[in-house]
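Take a look at the structure set out below.
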Amino acid sequence: MSFFVARKLVKRFGGLTAVSDLSFFLEKGEILGVIGPNGSGKTTVFNLISRFFPLTSGEIFFKGTRIDQLPAHKICELGIGRTFQVVKPLKRMSVIDNVMAGAFLRTNSIGRARQKAEEITDFCALGQYKNVEAKSLPIALRKRLEIARSLATEPELLLLDETCAGLNPRESEGAIALIRRIRDAGITIIIVEHIMKVMMGISDRILAINFGSQIALGKPQEVAGHPEVIKAYLGDAHA
Amino acid sequence: MKNKSVLINIAVLLAALLVPVVIKAPYHLHIIILIIIWSIIGTAWNLLGGYAGQVSFGHAAFFGLGAYSAGLLKFHFDISPWWGVLLGPIIATLVSLPIGLICFRLRGPYFALAMLSLGEIFRLLFTNLSNFTNGARGVMIMPDITSKMFYYYISLFILVLTLFTTYRIVNSKVGYYLVSIREDQDAATSLGIPTTLYKNLALLPSAFFTGMAGAFYMNYVAFIDPNIVFNLSNVSVMVILVVMLGGVATTWGPTVGAAIYIFLGELFRATLGSANVLVFGVLVCLIILFLPNGIVGEMNTLKRLVRRKKGLPGGERNEFLRG
Amino acid sequence: MELFGQTVICGILLGGMYALIAIGMTLIMGVMKIINLAHGALVMVGMYVTYFCFQEFGIDPYFGMFLSMPVLFFIGCLIQKYMINRLVEVESILPENQVLLTVGIMLVLTEAARLIFKSDYRSVATGYSSSTVFLGGMSISVPMVIGFFIAMVFTFLLHLFLTKTDLGKSIRATSQDRDAATYLGVNASRITMITFGIGSALAATGGSLLLPLFYLWPDIGHLFTAKSFIITILGGMGSTMGAIIGGLILGMAESLGATYISMGYKDMVGLVIFLLVLLFLPGGFRSLAKR
C-alpha cells in the first residue's frame, strides 16, 4: 500500500456536497499539488484528512493504518501536520513559544522544546523574529509561522493550504524556497495553491478538482493541458 | 533574573508570616483572611479561566461543595469540620470530572452559560434537598478556635499551596498547552494537543482549590446557606471580577485583585452606606473598559513599553503567558 | 384533568409574555453576538417605570407601558453606544469581558433601583389584578389572558416591522452577516444601537405585562435574565419564531413543574432543560424541525 491513500472521500454539509467520491494516493517524498476554483473543496479535503470534519463516507490510510476514525490530535501525533488557509497564530505568544507549542508533542522538557523551536525558526528564516508576539507579525511571516509550528510536531506528511496567497512575488519565492527545503528534508507534502505557475514548478503530480470531484490527476503538464481543467479555470468558451 | 524572583517570593512569604505580629486588631485580620480566601479562589479560577481561557461562571458550585462537605460532616456525623478541608476539595474535584466531560463539549460563551446554569442548579439542589443539607436554613457550626491568627496561618498555607501548584503547572508543558488552547483551539488541535484532556487538567486543580477555599470558609465563618456559598453574583461572578481586576493569566493578579476588591468593598460599605454596591458596579464597568487585563496585566505592558524605549530586549521569562 | 388543563393554559399564557422579553434578547444577540446578562435588569427597570406611572399618576399598567417603552429604548441606546460598543476597541485576553461588562451594567441598574425604590416587594393593585375567568372547570387569571394577547399583538407587529420596513430589513441583514450588510450600505453601528434600543423596549413591554402578576423588587431582573436565556437557547439564537416556541415550552415546563413536582424545583426544571439543549441541540428546538 502507498504511503498515504484516500479512498472514495465524500463530505456533505446538509444538502451541499463539498467533496464527492475523491480518491488519490501519495508516495513517500512526493509533492502532490491540489488545484481547483474557489469553493471547489480543497480546504475541505484537508479538513477531512486532519479530521477537523468527520467524513460522510470513505476511507483514509496513512502508512498502512486506517486513520479516518481517529480524533484530530491523534492524526497530528501519527505524523500528519497541517497549516490553515486563514492563518491561526497563537496571537499573544511569541514566535518561539508558538513553535514550542508544536515541539511539545515529542518532548515534555521545556529546554528541549525550546532548542528544537530555535532550530526550526532558523530553518524557516524566522530567527530574527523569535521574541516578537505572533499578533504583530505581517501576513507573510504569519504564514511562515504556520509552517514552522507544524514542522515542530515532526510531521512525515505536511498539508499546506495556500501558503502563497496574499504574498507579493518576492515573498512567494521565499515561501516556495522553504517548501523545497522541507521536501529535501524528506517530508511528503500535499499543497494547495491558486497560482498555476507555482504549482507547475513545485509539484510532482497535480490533482485538479471542481465541485468536489476529480477532473484530472497526473503530471503537471498533462493536467495543465487537460480540457476539463482549462474549462474549469477559464470557462466554457476556452475549452 | 530567576534568583531574584525567588528571593522576592521568599521575602513576600516572610512578610506574610509576620503580618499577625504587626496587625493585631481582629477586624483587620478578618479583612486580610477574606482577602486570602478570595486570592485562593481567584488563583484557582485563573488556571482554568485565565490561562486555559475557559471562563467559568459556575465556580460557586465548587466553593459551595467544599463548604458543605465541611459543614455536613459536623451536621450529620459530628466529625470535625476541619476534615472538610481535605474532603471538600476531593468532592469538588470528583464532581468537576463529569462537569468537565459534559461542558467542555461547548466553546466560549456557551461554556460560560453551561457553567452558569450548573452553578445555579447546585444552589437549587442544596436548597431543596433539605433532609440532607438542611435546606435554606443553612448549616451552623460552633468553632473550637476563635483566634484570628490561627485562621490566618491556615488560610495563608492554603494560598501558598495554591499559588505554588498553579505556578508549577503554568510553567510547564501543560502551561504552554493551556495558553495555546486559549489562543486558538483549532491551532492547538492541529499541533496534536488533546484539547479536552488539557482543559480537564486545568479544571481539576481549579475545582480542587476552590473546594478547599470553600471548606476553609465554612470553618472560619461557621455559618453557610445555599444562597451564600452557591451565589452567582457574590461568588461565581465575583471571582471573575477579582481576577480581571488583578490580572488575567498572571501569577499575582488574583491576589492583587482580591486585596483591592475586598479593601474597596469594605471601604465603600463603611463610607457609602446603601450606595456601596452601586459604586461597586460602576467600578466594575470602568475596570473592564479601561483595565481589561487587570492591574498586573497592564503593568507588564507598561513596563515593556518603557523597556522597548530604552532599547533593552525581552521581558520576564514567562511573559508569553499573558498579553 | 382540569388541573392539568389549567396548568397547561397558564403555562402557555405566561410563556407568551416571556417570549416577548426573550425576543428582545434574541434580537440583541443576533446583531451584536453578545451575551447580555443585563437583559433582566432592563425588564426590571421597565417594570419600575410602569409601576411608577401607576403609583404616582394612577396610570394603568397597560397604558403605562407605552411610556416605559420609549424610556427603555433610550436607555438601551445609551448603554449600547457608550458602554458595550466601546469594548470593540479594548484589547483583552478573554473575550468574555463583554459578558462581565453586562454584569456591571446589571449591578448598576439593580442597585440604582434599590436606592430609589428600596428592596421592598411591590405590586400594582388594579381592579382586575386578582380576577379570574372560568373556562370549563378551569379558572384562569384575567391579567394573564390580557397580557398574553397584547404580547401576541406586539410580536406580530414586530414581525411586520422586521420583514416589511427598511429599518427592519437592515436589522435582519446585519444580524445575518454584518460585513455583507455594511458592504450593501447599511450603517451597522447605528443599526446595532437601534436594535439594542428595541430589544430593551421589548423587555420593558414584557415586564409591564407581567407586572400585575409578579411582585416587583430590584432583584427580579435575575429571574428574567435566566428565563430569556433559557428561551433563547431553546428556540435557537437570533430567531423570533424560535423565541416564541421557546417561551411557550418554558412557560409550560415551569407551570407543570410547579404543579406536579414542587414549587422549589420549578426553576431547576428550566435550568436542566437549558443545559440539555445547550449540550445536545446546539440550534435549539428549531433544529429538530429541520431534520
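The first chain written gets the first letter, and so on, giving A, B and C; residue counts start at 1 in each chain.
We take it that a contact is a pair of C-beta atoms (placed from the backbone, for glycine too) under 8 Å apart; a residue touches a chain by one contact, two chains touch by 3 or more.
This structure is a prediction, so every number in the text was calculated from the model and none was measured.
Engineer: Of all the chains shown, whose C-alpha centre falls nearest the centre of every protein C-alpha atom combined?
Structural biologist: Taking the mean of C-alpha atoms per chain, the most central one is B.
Engineer: Quick check for the class: compute each chain's Cα centroid; which one is farthest from the centroid of chain C?
Structural biologist: A
Engineer: Highest contact-pair count belongs to which two chains?
Structural biologist: B-C
Engineer: Can you check how far apart chain A and chain C are, centre to centre, with Cα atoms defining each centre and the answer in Å?
Structural biologist: Those two chain centres are 47 Å apart.
Engineer: How many Å are there between the centre of chain A and the centre of chain B, using C-alpha atoms for each centre?
Structural biologist: 42
Engineer: Measure off the straight-line distance from the CA centroid of chain B to the CA centroid of chain C, and report it in whole Å.
Structural biologist: Spacing between the chain centres: roughly 32 Å.
Engineer: Please list all residues of chain A that touch 2 or more other chains.
Structural biologist: Touching at least two other chains: 92.
Engineer: By the touch rule stated above, which residues of chain C touch at least two different other chains?
Structural biologist: Within chain C, the residues that touch at least two other chains are 93.
Engineer: Mind pulling the residue numbers of chain B that touch at least two other chains?
Structural biologist: 322-323, in rising order.
Engineer: Which positions of chain B touch chain C when the two form their complex?
Structural biologist: 49-50, 53, 55, 57, 102, 105-106, 108-110, 112-114, 117-118, 120-121, 124-125, 127-128, 182, 232-233, 237, 240-241, 244, 248-249, 274-275, 277-278, 280-282, 284-285, 288-289, 292-293, 297, 322-323
Engineer: With touch defined as at the start, can you tell me which chain C residues reach chain B in the complex?
Structural biologist: Going by the criterion above, the answer is residues 35, 83, 86-87, 90-97, 99-101, 103-108, 110-112, 114-115, 222, 226, 229, 233, 262, 264-265, 267-268, 271-272, 274-275, 278-279, 282.
Engineer: With touch defined as at the start, can you tell me which chain A residues reach chain B in the complex?
Structural biologist: Contact set of chain A toward chain B: 50, 52, 71-74, 76-77, 81-82, 84, 88-94, 97, 100-102, 104-105, 108-110, 113, 131, 149-150, 152-153.
Engineer: In the complex, go through chain B and note every residue touching chain A.
Structural biologist: Listed in rising order, the residues of chain B that touch chain A are 171-173, 176-177, 179-180, 183-184, 186-195, 313-314, 320, 322-323.
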